[in-house]
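Labels run A, B, C and D following the written order; every chain starts at residue 1.
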Amino acid sequence: MDFATIVELLDSAVRLGTPLLLACLAGLFSERAGIFDIGLEGKMLMAAFFSGAVAAVTGSAWLGLMAGVGGALSLSLVHGMASITFRGNQLISGVAVNFLASGFTVLIAQSWFHQGGRTPQLSGSGRFEPITLPGAEAVKDVPVIGQLYDNLLSGHSILVYVAFAMVPLTWWVLFRTRFGLRLRAVGENPESVDTAGISVVRLRYTAVAITGVLSGLAGTYLATGLAAGFVKEMTAGRGYIALAALIFAKWRPVPALGATMLFGLLEAISNRYPNIDLGVVNLPIQFMQAVPYILTVIILAGFIGKAIPPRAGGQPYVKER
Amino acid sequence: MQADQNTTKAGRQATAAPAAKSVATPTGAPAIELKGISKAFGTVQANKDISIRVMPGTIHGIIGENGAGKSTLMSILYGFYKADAGEIWIKGKHTQIPDSQAAISAGIGMVFQHFKLVQNFTVLENIILGAEDGALLRPSLNKARRELKRLAEEYELNVDPDEKIEELSVGHQQRVEILKALYRQADILILDEPTGVLTPDEADHLFRILNHLKDEGKTIILITHKLREIMETTDTVSVMRRGEMTATVSTSETSPEHLAELMVGRKVLLNVAKTKANPGRTVLEIENLKVRDEDGVERLRGINLQIRAGEILGIAGVSGNGQSELLEVLGGFANGTGTIRLNGEELDLTGKHSDGQSRRAKGIAHVPEDRHHLGLILDFAAWENMVFGYHSDPAYQKNRLVMDNAGITAHTQEAMNRFDVRPPIPTLPAKSFSGGNQQKIVLAREIERNPDLLLVGQPTRGVDIGAIEFIHKRIVELRDQGAAILLVSVELDEIRALSDRIAVMFDGQIMGERAPEDTDEKELGLMMAGVVK
Amino acid sequence: EPAVIYDLGGKYDKSFNEAAYNGAKRWAEETGGKYKELEMQSEAQREQALRKLAESGANPIVMTGFAFGDTLNQVAPDYPDTKFAIIDMVVDQPNVESIVFKEEQGSYLVGLMAGMASKTGTVGFVGGMDIPLIRKFACGYVQGVKAANPDAKVIENMTGTTPAAWNDPVKGGEIAKAQISQGADVIYAAAGGTGIGVLQAATDGGALGIGVDSNQNYLHPGKILTSMLKRVDTAVDEAFKAGPDLKPGIKVMGLSDDGVGVALDDNNKSLVTPAMLKAVDQAKADIISGKIKVHDYMSDDSCPVE
Amino acid sequence: MEKTPKWIDVALIPLLNLLIAFVISGIVVLLIGENPIEAIRVMVDGSLGSPYGWGYTLYYATNFIFTGLAVAVAYHASQFNIGGEGQATLGGLGVALVLLMVPWPNWYLALIGAMIGGAVFGAAWAAIPAYLQAKRGSHIVITTIMFNFIAASLLNYMLVNVLRPRGSMDPATARFPAATHLPTFHDMPLIGQFFGKSVPANVSFFIAIVACFLVWGLIWRTRLGFAIRAFGRSEPAARYAGISPVKIVMAAMLISGALAGLMATNNVMGEAHRLVLNSVEGAGFIGIAVALMGRNHPFGVFLAALLFGFLYQGGGELALETSIPRELITVIQALVILFTGAFDNMLRGPIEQFFVARANARKEA
């Protein structure tokens, strides 16, 4: 494997890892606040559809972005109402959100565009085009550094850079601001927040809304950055992989970057080398596709460090029985 | 959940006392005045039309049995619960307290019965939570660090600001809660059963601090079950019973006996009709029993005990000194090392046969300390609870496959009649019975097995007097039928009334054994504190 | 009333199924007739869909895709009075017409054009599901490329092993990007709906795409070299026209009867040089005359040129 | 609180929730410019209006009974098994292997073999998440989700690389021998005359009904069921009673997985006569909705499965007859899960409050 191939694989990993990263950070906010979210998949899908649809109709990727975020936010609201206001089972709500998105997107897409549940092909300003970083052209032939800069760093859509910027930002918000302190507290012990005179409900809704925005970005990137339009079930389990990455990262933003990029790389490798011959065994493509899930199970089983979720995670905050 | 709940310690020995009268309060606006507070949880009326006034610069005690509504009332004052009706006046002003923020602004701080700390936050983070200055943390943390240092010096409230809460002892966690209130400049401090989890030393320290605060003019409300603490520290005291405020008296004008009577609602007589024990062969022998908890802390540190047929061994001690672990190991749901012999046969302490089923099969019955969490399945019907733990017994099977539900129901009906469980309806879920009746169901189940050894933990916790008498009678009857009984209770009076021998536990060890007639409360108290062997 | 059933990609896959849809539509426009149509949503539904249509009296029933083969084999005998037509698969039943194409011939022609258009000497092929049928496309393509430039390198990738591979544009795009980074400057997508992503990525990455089945030149005008036409539309149209008189047996459609071909229109005019046109016409004539033999992968499950 | 009558909990609230779900679905239909009344007519007609429709409705219902029971049994042990999809997938693999490897002389012996194969494979697929939950505390919801994906990959591998007959392009096994085909409703005495030759409903339907009775007996009549329910309601109490958490979690999940696996006797053995990709078609997930609707009681599960069978078949007809895509069912399914599951307290709160107020008023009086 030569250097150019490695750069190309990494480049592909960045593209494929970005929706995972955004979704993973989305889940991080929600789960840090004590709301488990297995509905990331559905929110991404919803966002992918609305961004694709609106971008196709208006020809503007930015309007698409807003619609995508709006779509994901609406599902966040549903999940928030179920798990915060009505103190329902967050897992059941998450399952429902996923089904809702998977049916609703196709239903509406078919009714609007009559193209078998997909949106029209996006082109031009309907998509987030790659951005060439300054000087990329110039340094392109400089060995190693130039190649890395031109191929790996430059040439991604704006949402990729946004996703990467979200990592330090999330870290800073979580650990350096008042909001972050309260957010983490409400996921660990909502009573501590309540008795400190802070509204648990408002805090959790805020967290869930942030989750909506970020998963909206994730879905939007899928439909308007990575691909050019929405096709049904286009998330293809990425929401679950993001969840897996979140566990892998033990609910921390920087490791989340590592985990999602690792899973992105795995996908890039399996795209490029469907079968991997290790000499001893020949890993079939199906194995490569299952690796993120297998890894997650191994992590959950505590064989590679124990992943301890936020303590109040998954339980509705009930004051009066 | 293992908080020390010394409900009616003094109550049990109370004698006639003059009728309650509210004391006249000094002039000036009260720091706190509650008027007509009511609060219902579903069908449970936790607070009924409660009025109370607390003068500034005083320590005001509140006492009452479990479930009397003390915590609920204070949570309303702190804005944690919303009252259904009533008014709150703070320093002479009618104040709305819709949430805790409003209470904090009104200068109220509260240390809850169950601490409200974030376990994996540092002390500092817990202190500033909700009281940050500005959107960024650093300035707040710096300020809090300085402030904490000052408070620590002023009030002997030393804690390491950078330690995580989960690393701190319970006593230190409580300090953090007090610091939280002081950091918010509370001048009204509510403490809900603060000493239940403290060692005597820590408790003394706490009361020194409280007195210091009082001298500074702060107002303190202290909820406790311990009449001694009330008598020693408070200026005035209110008594609650079944959601109602029965009286408020000046501490100097009352006595423990009087308070006990106010608490329970009638004169308390506690004579267990009991003949002298007639012990037979040795049933239970424990040698060098040791237990470690999940964190590796040694909870039992070499226990040696013997119980003979036809006698009651009472274990006295402040809760949290290993009594629960002792019951758990004997009951088969915790592991330990050492030797336990039942009727001369050694019990498996770690392996496959150290579970509740095997213990029951060997003739050990167990009335657990916590009936809600262990003894009953609240959603199960009475008849299901009546065989819970014995459900594999061949007597309850119709054939090899299915259980004899009709037979069990009939059996339950009889048992409910015999144990005077009200209402005697086997199909009612356990949660529909009152606390006393729930306890009778558990007792009926365990006693009716005619065990060789009965383990009983806190048999009368949260149970009314009538039921207490009944329960005690049944335990003594079982003894007279030749069973060995191990009784664990935090109620010294219960221990003294029932036991044929008393062993005192402190810090995972047996401090010594006494015959009830050869000792008194004072000696036992010193042993419980680990002072005397 | 005739009926058509589209496979999992759906009738708007811009490719294989859409070609069938276009054929049906054309028939309806020309004859003013009505037809029924159904899109498969899952593997397990096939039998129900087939029976449902047969029972509703539709005749003939045309289905697109090899995946119906097994089911049709079961269902056809139950409805002896109904005629069925299946595309891309041979089903040996007295009331079934099996329509297969000589995709290797069409692929040879686009391969020829790719070989001539490539400046790097490296071209790509992105297949959908990894099945012999798609290898047949690949094999013809490679032969065409080599005919134009014997030193050319062909990078071949398949999208997956299941029918989902027909409908995964994101993955298709990634594969195309990988091929471009390996030097490919012309990429042939024989992958149904996945091809949309391949063509998009090729366009984005400055390479030329080659469409498949339908004429896909319009998707990115001036960026798609050509499309390998597989006249599924004609097949459907003809089957519909035949109506209940549809002739059972195997029908092979190749270059000689315009069953396959290359798409030339305004969208790719600027890309197709006269030399290319000439070479294509020559090759076409030679294939029809038998002078050039394009190997059919499915005849022996192997490709001699790889 | 227990002051509310039982019928409120088991009938009124689920029905009201269902109603809300349907009303919203109707609005969605309006939103996409179709007529909801017409949609209902097509659905009812297509699923209940003819023996043909019933043949499919009951076929789908059979699937959902199995997966619904699977979710319910696990739920009684407070385990939320959303791995029904993967367990049923593996069950299919088990059934296919049994039917392809053994030369069965007749269908009933084959059925017994297939049931064992399906149940064992389904249970095995549930065993790993169960073990990890019981022994290592890994959250069963997440592990079962992961196992659904792993199952899909495994089946993909098996079909593409191992079980696909030579020369076939389908990722599917060979046809099962004719001797193993189960009698459909058409082949049965008495009822056979009503049903057409092609109805897929088959003897598995009766196995599903038997399974309902067995599960009912298991949960409410046996010691194991007693222990499962006790553990599900209170783990500390179960430990006090000497009920081993590991054993109960394992037992409940194994039974759950086996039930999900048994579904394959219906869809794989009874209908498709071969194993194809995604033969489960989401039935594992529908099992969640079915169990929620049926309040985890086998009788409720049976009724809810019929309801979903109707939805599924009716939705299929909808897609054939109108331009409403089949995904409408997914939306309805989502709404049913949402309202009967996650939004349960929305109605329950006010309704219970009403009864509490009434009880308090009575107490005052």
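Note that in this section a contact is a pair of C-beta atoms (placed from the backbone, for glycine too) under 8 Å apart; a residue touches a chain by one contact, two chains touch by 3 or more.
In UniProt terms, the chains line up like this: A, D = Sugar ABC transporter permease; B = Heme ABC transporter ATP-binding protein.
Since the structure is predicted, the reported quantities are computational estimates derived from the model, not experimental observations.
K.L.:
Chains touching chain B and chain D alike, please list them.
P.N.:
Shared contacts of chain B and chain D: A.
K.L.:
Look at the interfaces C-D and A-B and say which one is made up of more C-beta pairs in contact.
P.N.:
So, comparing the two chain pairs, more contacts are at A-B.
K.L.:
By mean C-alpha coordinates, which chain is most distant from chain A?
P.N.:
B
K.L.:
Between chain C and chain D, what is the gap in Å from one C-alpha centre to the other?
P.N.:
39
K.L.:
Mind checking the centre-to-centre distance between chain A and chain B? Centres are C-alpha means, answer in whole Å.
P.N.:
The answer is 47 Å.
K.L.:
So, what's the distance in Å between the C-alpha centres of chain C and chain B?
P.N.:
So the centroids are 78 Å from each other.
K.L.:
So the centre of each chain is just the mean of its C-alpha atoms; given that, what is the distance between chain A and chain D in Å?
P.N.:
30
K.L.:
Spell out, as numbers or ranges, the residues of chain B touching 2 or more other chains.
P.N.:
Where chain B meets two or more other chains at a single residue, that happens at 42.
K.L.:
If you look at chain C, which of its residues touch at least two other chains?
P.N.:
39, 161
K.L.:
Would you give the residues of chain A that are in contact with at least 2 other chains, written as numbers and ranges?
P.N.:
117, 286
K.L.:
Chain pairs that touch, all of them, please.
P.N.:
Chain-chain contacts present: A-B, A-C, A-D, B-D, C-D.
K.L.:
For a test of understanding, state which residues of chain B touch chain D in their complex under the given definition.
P.N.:
So the residues of chain B touching chain D come out as 40, 42-43, 331-333, 355-360, 366, 368, 373-380, 384, 388-389, 391-392, 397, 401-403, 405, 429, 431-432.
K.L.:
Which residues of chain D touch chain C in the complex?
P.N.:
52, 56, 156, 160, 168-172, 175, 196-198, 200, 267, 271-274, 276-279, 281, 316, 319-320, 326
K.L.:
How about chain C: which of its residues touch chain A in the complex?
P.N.:
That would be residues 10-14, 39, 157-158, 160-161, 164, 167-171, 173-175, 177-178, 181-182, 193, 196-197, 200, 204, 219-220 of chain C.
K.L.:
Inside the complex, what are the residues of chain A that reach chain B?
P.N.:
Residues of chain A touching chain B: 175-182, 184-185, 188-189, 191-199, 311, 319-321.
K.L.:
Within their complex, state which residues of chain B touch chain A.
P.N.:
Chain B residues touching chain A: 41-42, 78-81, 99-104, 110, 112, 116-121, 125-126, 128-132, 134-138, 140.
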